[in-house]
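The first chain written gets the first letter, and so on, giving A, B, C, D and E; residue counts start at 1 in each chain.
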Amino acid sequence: GCGARAGDDTSTAGASAAASCVDTSGSTIKLGFLNSLTGGMAISEKTVSNVLHMAADEINTSGGILGKKIQYVQEDGATDWPTFAEKTEKLLTQDCVAAIFGGWTSSSRKAVKPVVEKLNGLFFYPVQYEGLESSPNIYYTGATTNQQIIPAMDFLASKGVKTLFLAGSDYVFPRTANAIIKLYAAKLGIKIVGEEYVPLDKDDWTSQVAKIVAAKPDFIFNTINGSSNVGFVKAYYDAGLTPAKTPIISVSIAEEEAPAMGHEVTGNYASWNYFQSLKTDTNPKFIQSWKAYPNSSGVTSDPMEAAYISLYLYKSLVEAAGSFDVNAVNAAAKSHTITFDAPEGKVTLDGKNHHISKPGHIGQINANNQFDIVWSSDKFIEPDPYLEAYDWFPADIRKQLVGAAG
Amino acid sequence: MTKLKPLPSLRGIAALSGIAMFAVLLLAVAPAVLSDHWLNNLGKYCCWAIAAVGIGLAWGRGGMLVMGQGVFFALGAYAMAMHLTLETAGDRVPGFMVLYDPLAPLPAFWEPFRSAGFTLAAIVVLPVVAAGILGYALFKRRVKGAYFAILTQALAVALATLISSTIRETGGDTGLSDFKFFFGFVLNDPANKVMVYLIAAALLIVCLLAVWQFYRSRFGELLVATRDAEERVRFLGYDPANIKLVAFVVSALMASIGGAMFVPIVGIITPAEIGAAASILMIAGVAFGGRASLFGPALGAMAVGWGQSSLGSTWPDGWTYILGLLFVVVILFLPSGLSSLPARFAAIRRRPAEQPTPPITAAELEEVRA
Amino acid sequence: MDALISQLLNGSAQGALLLLAALGLSLTFGQMGVINMAHGEFLMLGAFTAYLVQQVIAASDLSIPVALPVAFVVAGLFGLLLEVTIIRWMYRRPLDTLLVTVGVSLILQQAALQIFPSQGVPVEKPSWLDGQLNVLGYEWPLRQLFTIVLASVCVAALSAWLKYTSFGRRIRATVHNRDLAETTGISTRTIDRLTFFVGSGLAGVAGVAASLIGGTNSQMGAQYIIPAFLVVAAGGIGQLKGTIIAAWAVGVALSCFAYWTTGSLAQVLAFILVIVFLQVRPQGLFTVRTRSLA
Amino acid sequence: MTGASLVVTDLHVEFSGFVAVGGVSFDAHPGEVRFLIGPNGAGKTTCIDAITGLTRGTGSARLGETELLGKQVHKIVRLGVGRTFQTASVFDELTVLQNLDIAAGLHRSSVSLLRARRGVDPSIEQALEETGLAGELATPAGILSHGQKQWLEIAMLLVQDAKVLLLDEPVAGMSHDERTATGDLLQRIAVKRIVLVVEHDMDFMRRFATRVTVLHQGKVLSQGTVAEVQADPKVQEVYLGTAGAATAAAMAVVPEAVAETLKLTED
Amino acid sequence: MLEITDIEAGYGRTRVLHGVTVPAGKVVAVLGHNGAGKTTLLRLAIGLLKPTKGRVLFDGEDISSLAPNKRVARGMAYVPQGQQAFGQLTTLENLQLVADGRRRGKALIEAQMARFPALEKFATRKAGLLSGGQRQQLAIARALITEPKLLILDEPTEGIQPTIVAEIEQTIMQLAGEGIHVLLVEQHIGFALEAAERYVVLASGFVTQTGDGGLAAASTVRAAMAI
């Protein structure tokens, strides 16, 4: 027999598939952690996986979620987007987890999205990204563009930057981020004097850096991800570029990456919502716990902090809802004001778009590969994934995007 | 002289009943006993198995180590994915394209994939034409062995990089996903998922039957002859390039079919599924199962797929080591793959007895022929 | 014009790195017929060795010169180990070496990921490589010059070794016909091991050079292996001269494509270029023909 | 059908400056066992290579009306020109039967190639009988001995129904009896075909050659019947040897051969 | 010098030699039809094949498990059947390969080039481009350069022009005269017997006849081989 055809009423079919199998009867609750432990992205994602374990341990020590201890199922996304999709489905239908935490690249999130939407699961995504997305089944605890990219641009404008060169990895986040940067730069009167992409798995940036040298920009906006950053930084210094004359502002170089560049990067900048150097009430304890945690890298950073937030945010959501049920959790997100005293400060969940408020900070790298904060947003920035509050973002694009997504 | 006659037909029956058994398992038993998740996974393994059957033909029988089957896998997969994307998008330009150039129309090469018929034809014709041209160029110039392997691998890398870097045209590194319909059927519907699985499984059976006929035909012998002494075949009046071309094109077609079915089953296609690592993984299954045997490639591909899903879950670091060791151990100690094991055991058991006329097993003959 | 000069120079340096990566392969693949897909991981071993040496000798000015021979030996020993345990059984099935070594490369990558910090380790450039050389108005990074010098030294040493010792002859004889070589008194086992040691060792040296250009992590080897094989193939099997020219040509092409198109497209175009070239000249730039039917 | 002749005129083969064959002309007709002899390196194999398209030659080699030079290898074979190699080359992994079946398949349609083999072609059975390989039907050719492989190669030419058989040292490594058997076989098959043999075994040549062409340094040194050629002092000097000891040794295959040799030197 | 006693050997599961014993002697000829196992026996003698049973003694020492190159180092030399040379190396390099490391290497090469003028003429040509006979001459020269104590020859005159056949046969006789031992497979029974001190006839891997050399034995050998 054949199933539903296009045009049939599919609401029943969809719902029946998504009948949840989560078992809430026992003293534990199952959660899924989905990170690339192998393959190219393991370079970044292992730390996120590890901090999720730490958060779970902490929550368990302090009594669990709704009195239930977290029992996590760790899955390997293997730096392969279909694997992310498959494992999401497995976690939801075979392991019957109540929620999934993980992912790093936007591609992995885009692979997970249709699956959690189809099965009505929950996915907590902890990395800064390009925005223009908001799924009822995903919670975004990393920055959207108006919390990282736009502050960075504001900072550049405040420094009187006139010309900017865009260097990025060749995939969805840098491409989209740069599209947005170009729109905003036009508004700010900053001229984009070049735009270069290199595949994620390629390190050699010498030819592109030669172009940067020739273009003589005031600043370089770096959206490179992963170890390709190392190649970029090396080529940058090889070519005689210096932070004094041609500084870099990055959105993917944090405390963990900075010392791994093989060249001191002192004087360059990064835009994040969290830095280890941040002076908040909660940060010292977070740093201390992390340093003590087995296999920790010894430094804290924004993506891992966002991952740490994600688990606590889930705890607050469930406790507000009084249930692990997805619809109940989503309803609680809307009806309650969910907050968490995060290491970056007290973040608040936007129940409509599932993003959180975040402070914007620009840090300058010092000799200890820590960041001296040189600029901060005056207050926490409310998440605005579709940039609705920004008139320079063309409404027709927004409309088309929302339309295409819906 | 007639005494040899029964032999091929006897093997024929053995092989045919093997295929029949396989068909029953895949088409009747599996849907009845497996959960949706595992049935879907099995469907994915079937797609790899289809490609693997083709690799068995080209590599196991034809000696062409095709390290870039991802290229043909991609042709089928992307043709299918483009159609499904358009089917999902309706009259709109697909969502991912909007951002980079909101006002630009659909790229011209997407347009024909609105048509279901064109898409199905493309899945067959594209790999045949591409493999035909590529194979003709390479084989006529007598490119073979390691050169052929590395060239095809380089092609897979090049295509994967090209797709990654054309984000608006192809979805880039993120790939194409989020398909709602499959030729008018709602993909989320479990009943339709089973149907899609059954199509993939049936196609696998068809491919097995096809190579079975190839292997027992004179062409199969000629192919082996070409593998072993290409120049000599020339002096028998054949053009080895043509013989290899046929095997190469057929294997490309199978890869394309596997790729096409992969898309509705897995729900996403990305350049990583067609690049160097993916192409090598396809080879791994074939080597593991037995490159020159009939069932080996399919079973090997399924085993590797299963290993990845299950061991890769429970023990991700370990799985990478296991996969690595699998290559080493199988190639080192069992070059004819797992399918040669029965014959090996039989040989070990037989030796002390020194029977003058040992019963010939299909697998053993396979081994001699390989 | 300026751009052309800068890309010629950049490209030459890229070519030199490719050459370093390909040099060992031209021995193990070109001369011995072994398709070692773990060559990239031997390169990675060289890079990690550079890091470890830098941990021991804190003065980075000295550490790189020290790391070069150490990396040669370390990668060489790994190669030797591979030869003794696995490759030695495979000489009669050259195509299968490709698959076995794919397995080895997976294992080495995973081991590196687990042993070293997953985000990679820093290798610092010695301070004497800071700075640029002004070539016709282009500020050419000294580091690139260093890569070229290093590649030249390796090529010179290798060709001298092959030419002025009986070794080259013995390797070629062994590859051509093992049984015959053995029965003419050549210890093919010694030849195999030594060749593999040197070939892998050269990958280690390449790794040190690569560690000055990109990241030192478990994935680094993967990006060199296919281009290196293409270079060896395009140069003509076992043809040092061809390998040098091919590496240089690919390097310059990559660099120019990257300059005038995009970084991603450059990779694609360079690959296509080599593939088309090999289609026109399947035996590479330089060929040795024999009458045998094989 | 009377069968066309193989006519080679002014054949030249050059390898980067080195003239391996420098203007060789000879012809061979159905019904004769034509011998091509000459010192090592004289260009015999190269002649065959050129005729069969393996190396590029200039001049002309016609089979009847058809020019062979410049055609692709497999096209030449399809015109009925078959050859064996100085070092036997058969399909090691295939059985004797499969080897022959492939050779016989040359004129089959491509569709029939996709069907399985049913039974054994009569031509194959006949070739097996002729070459005495009937017992080895199911043996993988790789484990045949050197001589058996050479017979298999001849058998492959037979089932291929070649009109011209170019045999490069077909009896090398065979014992005396086997040589005789092979020679008889060649005489039998030569009735309707052109057989051109390259050999260094003078005893064999004497027994089976109808006409002989002697090459030396890429040129025809002498041409004629066995007796004529043997009597040619130039041939004796460069090839057969004149010194008594050498000749005796060269010819001393068996006592009868020695006797014959003595007769030769007396001539 | 070389003693082969009660050998069994084969390839994989097929046994080719059955209880073969080769008599001792300065020049020993091994005769037999195609496929009798002659080459197999010689491969066994040089070590390319290991016996499953029986022993190979050289100078009274068991060398059954010694690698071929070690046997060469002890004074054995082997000319395989089928004109084998290292095709990618030049003629001269083929010779240098074995002359390397020998004290009078240069002189040894020159001596062989004098013996086989074609080698001198084509010294810089790749051996793969030589004619069959030229390659065979090269193979013999290569063996002789090692100044062996025992020379193992598998149909050394196969494919060689008569004048050079004579030359080779003379060489073999001369070497034997100089005290070099020879194990010879040869289809030219006349010559083989003339040169041989002892001979064996192999048939299907069994020794069917053993005897003293000399032309007188020819008729018995022929009778034995006619079976």
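By definition in this document, contacts are C-beta pairs under 8 Å (C-beta built on N, C-alpha and C of every residue); 3 or more make two chains touch, one makes a residue touch a chain.
Since this is a predicted model, take the numbers as computed values, not measurements.
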{"item": "For chain B and chain E, chains touching each", "value": "C, D"}
{"item": "Chain pair showing more contacts of the two, B-D and D-E", "value": "D-E"}
{"item": "Centroid comparison with chain D (C-alpha atoms), farthest chain", "value": "A"}
{"item": "Remotest chain, chain E as reference, centres from CA atoms", "value": "A"}
{"item": "Distance between chain centroids, defined by C-alpha means - chain D, chain E (Å)", "value": "27"}
{"item": "Distance from the mean Cα position of chain E to that of chain C, given in whole angstrom", "value": "43"}
{"item": "Rounded Å distance between chain A and chain B, as computed from the means of their C-alpha atoms", "value": "36"}
{"item": "Computed distance of Cα centres, chain D from chain C, in Å", "value": "48"}
{"item": "Per-residue multi-chain contacts in chain C, two or more chains", "value": "110, 222, 262, 264, 267, 291, 293"}
{"item": "Touching two or more other chains - residues of chain E", "value": "129"}
{"item": "In chain D, residues with contacts to at least two other chains", "value": "89"}
{"item": "Chain B residues touching chain A - in the complex, by the definition given at the top", "value": "35-37, 40-41, 44, 87, 89, 92-96, 98-100, 102-103, 161, 164-165, 167, 172-175, 177-178, 181, 184-186, 188-195, 266-270, 272-273, 308-309, 312-313, 316-317, 319-320"}
{"item": "Complex contact set, residues of chain B against chain D", "value": "1-2, 4-5, 8, 12, 213-214, 216-219, 221-222, 224-225, 228-229, 231-239, 368-370"}
{"item": "Chain A residues within the chain C interface of the complex", "value": "38, 40, 42-44, 46-47, 170, 196-199, 201-208, 210-211, 213-214, 227-231, 234-235, 237-240, 256-257, 259-263, 297"}
{"item": "Touch list for chain D against partner chain B, complex", "value": "52, 72-74, 77-78, 82-83, 89-94, 97-99, 101-103, 105-106, 108, 112-120, 125, 137-138, 140, 156, 160"}
{"item": "Chain A to chain B touching residues, read off their complex", "value": "1-6, 8, 10, 13-14, 16-17, 37-38, 75-76, 78-83, 85-87, 89-90, 93-94, 106-107, 110-111, 113-115, 118, 132, 170-172, 175-176, 179, 197, 199-200, 394, 396-397, 400-401, 403-405"}
